[in-house]
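You will see two complexes here that share chain A, one where it goes with chain B and one where it goes with chain C.
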Partner chain A sequence: MLQFLLRKILSGLVLTIVVTAVTFMLIFNNGTAIARQVLGQNATAEQVAAKVQQLGLDQPVLLQYFKWLGNLLQGDLGVSYFTNEAVTSVLATRIPVTLSLVLVSLFFTMLISVIVGVAAAVRGGWLDSTLQFVSVAGAAIPNFVIAIGLVFMFALTIPLFPATGYVAFDYDTAAWARSLVLPVLAVLIGAVANSAQQFRGAMLDVLGQDYIRTLRTRGIPDRHIIFRHALRNAASPGLTILSLQTIALMGGVIVIEQVFALPGMGVLIGSAALQGDIPAVMGDVLFIVIVVVVVNIIVDLVNGWVNPKARIS
Partner chain B sequence: MSVENLTTPAAAVAAEEASTDKKSVLRLILKTPVGLASSIVLLAIVIFGASAPWLAPFDPGFTDLAQTNAPPFSGSFPLGGDASGRDILSRLMFATGSTLIAACVVLVVSLLLGASAGLVAGYYGGWFDSVASWVADVILALPGFALLIALYAVIGPNILVAMAVFGVLIAPSYFRLVRALVVNVRNELYVDAAKVSGLSDFRIISRHVLRAVRAPIIIQSSFVLGAGIGIQAGLEFLGLGDPTRPSWGGMLREAFNNIYLAGINVLWPALLVTVTILVFALLGNSIRDGLHAAGSRSHTLKAQALHQIQRDYTSSTPAPSRDAVTTAAQGGGADPHLSITDLVIGYPSSATTITEVVRGVNLDVQRGEIHGLVGESGSGKSQTAFSVLGILPKQALVLRGQVLYHGKNLLTDPGLQKSLLGKKIGYIPQEPMSNLDPTFTIGKQLVYGLRAVKDISRQQAKADLLKLLARVGINDPERTFNSYPHQISGGMAQRVLIAGAIAGDPEFIIADEPTTALDVTVQAEVLELLRELQRERQIGMILVTHNLGVVADICDRVSVMQHGRIVESNSAAELFASPQHEYTRMLLGATLDGSTLRDPLTSSPAQGA
Partner chain C sequence: MTELSRRNFSKTILFTGLSAVMLSAAACSPKDASGGANGGASNKTLTLAVDADYIGFDPAKQQSGGTVVQIWQAVWDTLLKYNPDGEIVPNLAESFEMNDDNTVLTMKLRAGVKFTDGTAVDAAAAKASIEHMKTGGGSDASRVAKLTVEAPDATTLVLTSPEPNGLMPTFMCLSTGIVASTASLTAANRDQMPVGSGPYTLDAAATTTGATYSFVRNPNYWNKDAFPFEKVAFKILLDITARVSALKSGQVNAAPATSQTSAELKGSGLNLVENKVNWAGLFLGDRNGKTIPALGQVKVRQAMNMVFDRAGIIKALFQGNGSVTNQIFNDKSEAFLPDAINQYPFDVEKAKSLMAEAGFGDGFDLTIPSLNGLDYANPIITQQLGLLNIRVTEKKLSGGTAILEILSGKYPVFFFTLESRTALWDIVQALAPDAVWNITKDQDPALTPLINKAQTLKGAEAKANAQAINKFLIDNAWFSPWALPTAFYATDKATAASPVLGSVVPYLFTFTAK
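== the complex of A and B ==
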């Protein structure tokens, strides 16, 4: 098990390095474009050239990447081109916001998808047909459009929840929860529609397996068959869905934060990209990759726990 | 965003579907109401966008300050004016055109890259396959939307380039789809035949491979178009689009920032984005469902047809009652342990018709008797056996007949049937490895089963089961008990399943080809074991098999099934000595060599082909 864990962590590290390297190379291979973005479109060629030199963008890309990586190991992600604030301290204020949104959303996505997916697979009937229909619509409509719809409804007609803004968890937990209701809802609709549908498929697959039939003939009650045997076997594909959802979610929350004016990573990466504040952008990408990697490691561990075969492969 | 969702199993379902030609894909879309409606809406949106340069009432940049935030249908602007006093309708039309073009860029880039790489990787394999698969995996692990935003710093406000990059990011979804399909086709016999007959790779690919991948690619493309539009609108909503040109996301952004003054302006672009993406999703789904329905053999009966059919069967004269041969041959006691009478099982073959797979089976099993049920695959023998256990597939319809266990009809009393499972009736399945739950140790799943039917402690159950495992010939019961199914051999697994079937001390067992999946030597041992257990415990048994050698080994009586009917039923000795039915003679002829018959029968019948 320890070896399994080490292997997963190692592959996560490799992924982190590959993704940051690819992103870094793509962005930094054009130093002039960055300098122009920073200075604005009216800057003269000389100003741009000077800026390139000042920011060290004239060095070979690979060298710049290794520098970045080396600094990262010392906990330094550089300073913002605009505020001269350390990127790490900018991130520190924003990470809790985004993590709140992502983790709460993931938790409810999982919970609701499993319940709905299992119910639809086992019961069939109207519940199943409703899920089929809703999942097409829910998965297709971009979640920021849903978010706008929610703001429209709650901000303009029923002021039940705050439409925008964020309250820190340790400042006022109840207000924190209230400020997350609409953003989480906006994420959930699409994520649940997608995952529940997939989980239903996984569950149906398992319920059609020979061993389920055989277990039935042993006199084991249906609820045990479903919750003890089928659910555990459907967990593997279910967890794969979850890890894909996480990647999707990390993109999705960027726009969601924008809509609900949550001061998180999403808003940061958007404005940083607009300004050409590359150190902040890179810090943001790193954070996203780390979240994806960590969730994947957890998913693999849980998978290894429920599915003995996964431990060997 | 929904980038990554495209690679989840739902999209891959398409890979399993049969190939279809272009014409029939179009027909599939237009045949369903949803597909037809989606096509019409999509066509309307395309015309709406394409006609902008000619039909739009105003230039998208034209400003009339008097119309700032004007409500719809009020002034000279049909849908009102935006915060800068521009005509919303005209801007929507121009935005639609550019959105659709950008979506096509995504499609072309991802299709060209992904599909061609998938084609080569799937057809030729080798190093290219390994490298391309690895690259696809890496790209899939990238946080695509975040990366697109990050690249804005380099790309600048150029949505077409951004969408081309998105095309690259989404290309792995095509790659995986096409690669899987091509690998499948490549392994088909007709492709081998084409190779042998000397056709060039180019001919083979264009003739066989492309035809197989076309429909799945069309389905995938409709999802990719939808995703492209969603991503594009998202980017523009964040302000990462071209601010000088109207776009759906950009209009949403402006309207959203202005939501308290003119909330209604959010509605139009939101509606267009939603409807367009939905239309693509519905189109993809309707093609997929259409293909699925055309390719699958499972049907659902209409409620009305079901009632009609059930009425027909119950009212029709029951059973052209047991024919003379069967009744005479049944012999034995008047109170059989298990008695199946006039059993008819059917499956829907269309929305209004059914096909019978079991057509009026009569079968008596006496106490302590092993009754062989012999026939080819598809003869209905397993279906007959499953009906006793109540584990027929969901679609199966029991149309007539009774399954009497000690005189009580199980078919009309599913509660009773369930309560007998494990306690009175046991089941030994055919395929040992697929019949053990892979996620639990052997011991755990056996304990669950045993404790479901017997009120004993966990320790007691474990002790009993260890004894039982030793009894069924497992050398190291403790180790097997703690093993997972994938850690034991097929022969071991079959013994475990036998132990599982008899753990609750049943008095009747249904054994469905219990030795088919095993090696010949193990087969003999398992049969011997079954025979011993049956003698020890006086168990009645139905043994389903296609192997007359097995019957000769352990059965007391035999019923031969063909096309859902029992064509001959007799004691094993009689049947082997003088087979009455032509089909029985044929089966015997097919198995004569190599199988040793039981002692009294060594002077076996000389008939046979």
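== the complex of A and C ==
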């Protein structure tokens, strides 16, 4: 198990280095353009040249990357070209917002998807038909349209929740929950529709297996069969979908954060990329890579825990 | 399905329901600390939405355009200021005077004003601020780069330009006229902690960089009556949907709007402040025909003016919000010529005959740039110029160098919306031989003397000269302007604000509670 974990962490580290290196090479290959972006269109050639030197953009890109990596190991991601604020400080205020949205969405996605997916597979009938319909609708309607509809209904028409904004968890927990209800719902509808459908399919596959029939003929209760045997075996594809869903969520929150004006990573990524705030962009990329790596490790571990076959493979 | 499994699922559904109820209970809590719903002029807090990221509080990095102007106006005074109608009036400087040839601007500073750190606002501090702007790496630095600044005594500030510069007073109304505490200019935390003499001071505890900037009243402000609100907060709301939602739900008192949302906002009973700050249309560079000989022909450029249905374009691109123009000067500018507005009517046949007369009846090849956010007019350009056999190819530009490529003159023809303020401002930014927006650095022996004179003339002579310049531009089709689109800014029922010449948002001192 330890070897399995170490192998995963090592491959995660390699992935992180490869992704950040490629990103760095792509965006740092034109120091003059970066300096021009920072200084604006009225800057003279002399000012641009001075800025290039000041930011160290005149050095070889590979050397710049290794410097960035060295600083990263000391917890230093540089400072924003535009606000001169340490990127680590910027991330410290943004990450909790995005993680709140992603983790709460993921928790409810998992909970509801498993319940609805299993129920639809086991009971069939109207529940299954409804899930089919909702899955198609959920996949067809973009989450920003759902978000706008939710704001119209529950913030403007019936003012139950704030239309925009975020409150820190440690500042006011109830207000934190309140500020997240509509954004989470906007994410949840599409995510649940997709994941529940996957869980349903996986459960149906497992329930049709010979060993399930054998268990039934031995008089083992349905509850035991479903939760002890079927769900464990159906968990693998479901968990894979959830890990993909998490990665997709990281992209989806960019839009949701903008619609609800949540000051999270999504908004930061958009702004930093448009402004050419390269240190902030690199901080964003690093965060996303780490999330993807960590989620994959967790999914592999959980998969191995619930399904011994996965552990062996 | 057995009875047991049914009960199991009933329990599960019950659990889900309970989870939802618990979440709703937390969600419906009346306590709201979102910081956005505390707006409302009634309690003397003004909450404004800002549609762009704020660059931080280093005075040298402040910009004169866009919505972020409102943020720095909360904390710093400028030496002079614009009235809503564009007139330049005293501010921190209680009087100002230009010499005859517009090379020296002398300002007398108000006595007894202090920064919020307790130090005096004097000529030395104003000089230090302008010097900091010159060398601080901000995008507005070039406006004061050539000026010499002197402070002969505590209340006198003298700016000297090596050549006539009639825009010096204008620059003192913008970010280049900001006066900040001298100590704050070199402080390590100058991006986070501004120190000015303005109407408000930053409330750092209630501020989250990149999301919300909160200010409380400066109790010693010298012009308190001009700012009726006890607190001002700015919320960065980049997305128009978020701004509309925040405005309609009362989370902000005012927000930048768009042409597309103006009808919805009006229908919701909100006030709309309208202003025409840009002209929209085609830049026609290379008027000497160095790289594209056809563009050197006046008749070709005139034909390129007559092939566009300006009224139709306003309906199609700006939802009918704007007015037709064929001039780069706004309709309040002293250079504007209302009688010349129909000089190039939409007439494709006439345009074709002009092309033929110029010897370009078979047209020519033209590459136009396609920029994110400004490519919406390109299909119209391609289609309409195609009627003159001008074969248009689009070149996609993106990233930080896009504008730089445009300014390099590589693409002489492109669609753009460019800010228009006073006549002299527009002349300096778009016409002078070294102007940033004279992208192909074109000159004309008939035009250059008029441009040179513009820097020194005053009053009626300045107006006549500006109109002569405009007439030259129209007659020689130096541009193909289509419209003066309306810029919208929305306020709630309890808040009023006035448009300011050349600004997409009302300045902070124009806000009042109804």
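Keep in mind that, in the parts below, the second predicted complex is superposed on the first by the 299 of 313 C-alpha atoms of A that agree within 3 Å, B and C clash if a C-alpha of one lies under 4 Å from a C-alpha of the other, contacts with A are read in each partner's own complex, and residues count from 1 in each chain.
Criterion: a residue touches a chain if its C-beta (ideal position, glycine included) is under 8 Å from a C-beta of that chain, and two chains touch if they have at least 3 such contacts.
Treat the numbers as computed from the prediction; the structure is a model and nothing was measured.
A.B. asks: Based on the superposition on chain A, does the combination of chain B and chain C result in a clash or a fit?
C.D. replies: Superposition result for chain B and chain C: clash.
A.B. asks: Please indicate which partner A:A175 is in contact with in the superposed arrangement: first for chain B, second for chain C, both, or neither.
C.D. replies: second
A.B. asks: Using the touch definition from the top, say if A:G304 reaches chain B (first), chain C (second), both or neither.
C.D. replies: After superposition on chain A, A:G304 lies in contact with neither partner.
A.B. asks: Looking at the overlay, does A:A119 come into contact with chain B only (first), chain C only (second), both, or neither?
C.D. replies: second
A.B. asks: Looking at the overlay, does A:F260 come into contact with chain B only (first), chain C only (second), both, or neither?
C.D. replies: Only chain C; A:F260 stays clear of chain B.
A.B. asks: Pick one for A:V285: touches chain B only (first), chain C only (second), both, or neither.
C.D. replies: Once the two structures are laid over each other on A, A:V285 reaches chain B alone.
A.B. asks: Per the contact definition in the header, classify A:L156: touching chain B only (first), chain C only (second), both, or neither.
C.D. replies: The answer is both, since A:L156 touches chain B and chain C.
A.B. asks: Pick one for A:G138: touches chain B only (first), chain C only (second), both, or neither.
C.D. replies: A:G138 contacts neither chain B nor chain C.
A.B. asks: Counting only touches as set out at the top, which of chain B and chain C does A:V19 meet: first, second, both, neither?
C.D. replies: A:V19: touches chain B, not chain C.
A.B. asks: Counting only touches as set out at the top, which of chain B and chain C does A:A248 meet: first, second, both, neither?
C.D. replies: first
A.B. asks: Where on chain A do the contacts with chain B and the contacts with chain C coincide?
C.D. replies: Correct list for chain A: 30, 33-34, 37, 144, 148, 151, 155-156, 221, 258-259, 270, 276.
A.B. asks: So in the complex, the part of chain A that touches chain B is made up of which residues?
C.D. replies: Result: residues 15, 18-19, 22-23, 26-27, 29-30, 33-34, 37, 136-137, 139-145, 148-149, 151-152, 155-156, 190, 194, 197-198, 201-202, 209-221, 224, 228-229, 232-233, 237, 241, 244-245, 247-248, 250-252, 254-255, 258-259, 269-270, 273-274, 276, 278, 281-282, 284-285, 288-289, 292, 306-309 of chain A touch chain B.
A.B. asks: In their complex, what parts of chain B are in touch with chain A?
C.D. replies: 1-5, 7-10, 138, 141-147, 149-154, 156, 226, 230, 233-234, 237-240, 252, 256, 259-260, 263, 266, 270, 273-274, 277-278, 280-282, 285, 389, 391, 418-419, 421-423, 425-427, 429, 431, 434-440, 445, 448-450, 452-453, 484, 486, 497, 500-501, 503-504
A.B. asks: Show which residues of chain C lie in contact with chain A when the two form their complex.
C.D. replies: Chain C residues touching chain A: 1-2, 4-5, 8-9, 12-13, 16, 19, 23-24, 26-29, 31-37, 53-56, 58, 61, 63, 137-143, 145, 191-192, 208-212, 235-239, 241-242, 245-246, 248-249, 251, 399-401, 403-404, 407, 436.
A.B. asks: Name, in rising order, each residue of chain A that touches chain C in their complex.
C.D. replies: My answer: residues 30, 33-34, 36-44, 47, 51, 82-85, 89-90, 93-94, 111-112, 115, 119, 122-123, 144, 148, 151, 155-156, 159-167, 171-175, 177-179, 181, 221-223, 226, 258-261, 263, 267-268, 270-271, 275-276.
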